[in-house]
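Two complexes, one shared chain (chain A), two partners (chain B, chain C).
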Partner chain A sequence: MRDETSPAVGKGAGAWLQFALPVAVAALFLLAWDAAVRATHSEIFPRPIDVARGIGELIQKGLLLKYIVASLFRVTWGFGLAVLVGVPFGLFLGWFGRAYQAFNPMIQIFRPISPIAWIPVAILWFGITDLAPIFLIFLASVFPIAVSATAAVQNMQPVYLRAAQNFGLSRGELFRRVIFPSCLPQIITGLRIALGIAWLVVVAAEMIAVNSGLGYLIIDARNAGKRYDLVVAGMVMIGLIGLVLDLLVRRLETFDEVRWGYANRR
Partner chain B sequence: MSLRNTLVISAAAWTIAITALHAKLNPDSIRGLEELVSGALGKRDAAKEKFKIGFLPVTCHLTCPVTDFINQQITGHGAFEPLRFNSWPELKEAYLAGHTPATFILAPMAIALREQGVPIKIVYLGHRDGTAVMVHKDSAIYKMEDLRGRRVAVPNRYSNQRLLIFRALKQAGMTVHDIDLVEMPPPDMPAALYSKSVDAICSGEPFMGQTELDGYGRVLWLTKDVWPNFISCALAVREDVIKNRRADVQALVDGIAKSGLWLDKSMDHRMSAAKFVSKNYYMQDPRLLSFVLSKPPDRVKYTKLTPLRKDFEEIEALGRESGILKGTAHFEDYVDPSFADSATDRVEAWNFEGAKP
Partner chain C sequence: MNPSAIAIRNLWMDFPGKRRGEHIHVLERINLEVAAGEFVCIVGPSGCGKSTLLNVIGGFLRQSRGEALVEGQPVHGPDPRRIFVFQENGVFPWLTVRENIGFGLSRTSLREREATVAHYTEMVGLVGFENAYPRELSGGMRQRVEIARALASNPDIIYMDEPFGALDFITRMKMRSDLTRIWQTEKKTILFVTHDIEEAVQLADRVLVMSKRPATIQEDVRIDIPRPRDLDSPGYLERRDHIFRAMGMSLRVGESVA
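After this line comes the complex of A and B, so read on.
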């Protein structure tokens, strides 16, 4: 899945472009943003330089690291628990058709409910502690993970199973050596999407009265008079960290255990 | 290294590292978790815990952070724990779930909760006045009648600001059907007025003052011009807490009363409060609080905070008229004036002149 440059471009130039193209697009975006704010004489919407200053102010006050850590902590636990629950449950549903028939409608009912709608429940159960946002992040990410794991088992090539049966593998071995590895690429793709969602809901999850986090920064800045520079600063930080998270998950796809699943796309 | 080992080791290392870092940088968060766990294990002694009090970063609740700050400066520790929320629904839900035994809350919302069977009692008021109706400075709206057919934003169905609009309409010989009334969280109101997506906004300060300070808002009227001694928010406490922790509730009301008197004693006190509250509790530019606390000085007041029957009966009547109250709860059901009465006779302003360096 690595971005391959077109054959017309040389190797050295390709590596350079791989870096330069996204930077150029980002720079163009910043210029357009700045021009738009100046053209409309907006007193509310900040210019990129204001946002940079806002980020500087957060760093100076020692808040930026504090907020990033708080958000990452909540997403780590929410997403981590979702993986621990979602993957085994999804595999189980994929393997046992009856269980799938029984549980799938419930999953599809819960899946589209926005974490915002769960806020009252989260407050009721977990109070105004970190557990409430962790619960919301868990809810948002567990369903996509379970669904992708289920689909991975259901889409497994029957030839693997038949071959395994010919070798006389026991149930445990069958799962460990055939089912799980063959599903892994699709599970990893599901995790990548779910991690994006987990990070996406951090703003909603931190609407509860926690007093730290990037989502909190955005909500707090809206309360703080005309500090839309900090609102956008929160958005920028969430976006940048989202980019890093995605790059990290994509590293997983370079492992042999996963890469074979994308072989036909190379 | 194989995928599995890499994953397990890096995930474990990351989780431990981020948790440790979070515990170090955000100790409050972790303390909340500890409380929840010890509560679940039944090891928690609620009667000895500090009172948690819900509040929002608005001037209607200003006495809450002021009392906490002065308490901390004088005694070195706070007598209760102010818990800042960002919007009404979460504040209310935390109260209903029992996480905040006391909270600053919209007066009509407290009455409505009482009607719905919630054990809530108002023990003191948060403020008097402190609400404005703002229009865009370029608009041709100069009196209530000019709002005919226009869109007016209020904070919440259960806000007294909505009732205030009802009352002002009535005074101008109009009804709510003559305007387009919408609900909007106060923090979003300034931007909505700026972009002219609403014609008038009405909420507690400092959101109204902000539009004036930033140069696009104009005061249509202040509450003191339409409904003098207007109340939007009150301090409410759960009934079981009133019964079991009378001394703590009295100490809380005394503290709030002292802060109110202190705030209204001199402009220096107000400016000092603007600074320390903005910095430590609201995370706002202190200019904003300084502005709404001084221009004019009676924009919001913090004295005469004993809940009075006639004020609440007026709110009840308007609430019934506007359809948010059923009229099944009355003053003695939702107000316990004993703490306020006791405080009025004894309490004087804090003896506090500015923060220690």
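After this line comes the complex of A and C, so read on.
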């Protein structure tokens, strides 16, 4: 829409603004932050430049990469298991109405329980090991994934199913050639939501259940000498990596096989 | 003697109503025959049950009473020898034009499949769009893909449920002449449901006029006009007007009908 009014001039200017506006907002934010810290003469809360130095320090000590890898490792396992369980289970519930009736109330009770509430249980079962946060991430992401897969089957256009039946597909073919591809756009949307939640949960879990990772970095920097420059450095890294993860999943939505499912968004 | 391609004998269709024990009669005492290779249109007022009838014949719905025979056999469900073309467009949006047209050919060899797909892509005028996805096509082109997909699997009968209903006037006219041309080369039996009387008279060998609900077949009008059909010839106008009147409609815009 933005380029249609004046295609020749608008395109160059539009592209430039698209880059310049967010940069300007970020710069304003940093300036305001800096001014606020100086105005309040805070001894503890860091200025942006302190945070940048903090990040530099973490890189030098080799901690940053180590903690990022630790957090991503847990998310990969927890989220990966959630995909492997959630997608088939969700499709199954969507296809078999009786199974949906049987399982759905239980799912709806489990779903609103914050993964944070499971932390004591996770520590009881798995101790201070990687398994505890992996379990928490799995719990947090399996429900949105399963629910979106279920909804995708239930909302499937009946005409696709009827066309497929008309061509005499076997059950396996029907699933592989019609049901799964027709549900894929909505499943990917579910994955995106779930990955966002998984990234929120790993930080919370690492604050309590383990002693590495970005969450641990934050709580450790606070406890060991009120190093708020490192606390905020950890927060910045969490934000940046969360952004990268979201961009990666968004890329899935641009494949030709699923783009039809997002017609209203692009 | 050859059995009719389609024979419907004393067919009734009820749907359960909102209240318990209530039934809505949709179809009542339907009798019809369609010969092999014939192009038959069913017209009727909106909501009269003509799509329901086509869905029973196509095997997607089960009648309450009576017999639906296709090629001498009772209908037990959808069958790849009879392909349905849907009003809502059943082209798969996750497949390209080429993959859609070849959808029903997974059991044939790759070479044969490619040749068939190429043949029907050309017949419906989609050469150059083989690798496009349905979302990149116009409504008319998507409907061509669905027709080509139906033809490619070489069915004996094609059922069409208001296939051009969502298209604009000019596209619809073009689709009708293309369908006529395709039918003349392919010699398939076509049973075509529409609410558009002109469409029916332009296309069909025979037009079956359905009444309001509970619907019966009220008239069976033979359209023995050679193709290509002249839309201002007296023969065309006479049959069109006859069906208009049979459906209780006025031929003058603005005149109220009892």
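We adopt the following convention: the second predicted complex is superposed on the first by the 252 of 266 C-alpha atoms of A that agree within 3 Å, B and C clash if a C-alpha of one lies under 4 Å from a C-alpha of the other, contacts with A are read in each partner's own complex, and residues count from 1 in each chain.
As a working rule, a residue touches a chain if its C-beta (ideal position, glycine included) is under 8 Å from a C-beta of that chain, and two chains touch if they have at least 3 such contacts.
What you see is a predicted model; the values in this text were computed from it and never measured.
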Room on chain A for both chain B and chain C (clash or fit):
fit
Could you say whether A:Val258 touches chain B, chain C, both of them, or neither, answering first, second, both or neither?
both
Of chain B and chain C, which one touches more residues of chain A?
B
Please work out whether A:Val249 is in contact with chain B alone, chain C alone, both, or neither, and reply first, second, both or neither.
neither
Touching A:Ile119, do we find chain B (first), chain C (second), both, or neither?
first
Pick one for A:Leu131: touches chain B only (first), chain C only (second), both, or neither.
first
Smallest separation of CA atoms, chain C relative to chain B, angstrom
11
Overlap of the chain B and chain C interfaces on chain A comprises residues 184, 256-258
Can you name the residues of chain A that touch chain B in the complex?
43-44, 65-66, 69-70, 72-73, 76-77, 80, 119-120, 123-124, 126-131, 184, 207-212, 219-228, 252, 255-258
Can you list the chain C residues touching chain A in their complex?
58, 60, 77-80, 82-84, 86, 88-90, 92-95, 103-104, 106, 133-135, 153
The residues of chain B that touch chain A in their complex are 2-4, 6-7, 11, 14-15, 18-19, 21-22, 25-26, 28-30, 32-33, 35-36, 54, 56-57, 83-87, 89-91, 93-94, 96-97, 99-100, 187-188, 190-191, 194-195, 206-207, 210, 214-216, 282-285, 288
Given the complex, residues on chain A that touch chain C span 157, 159-160, 162-163, 165-168, 173, 177-178, 181-182, 184, 256-261, 263
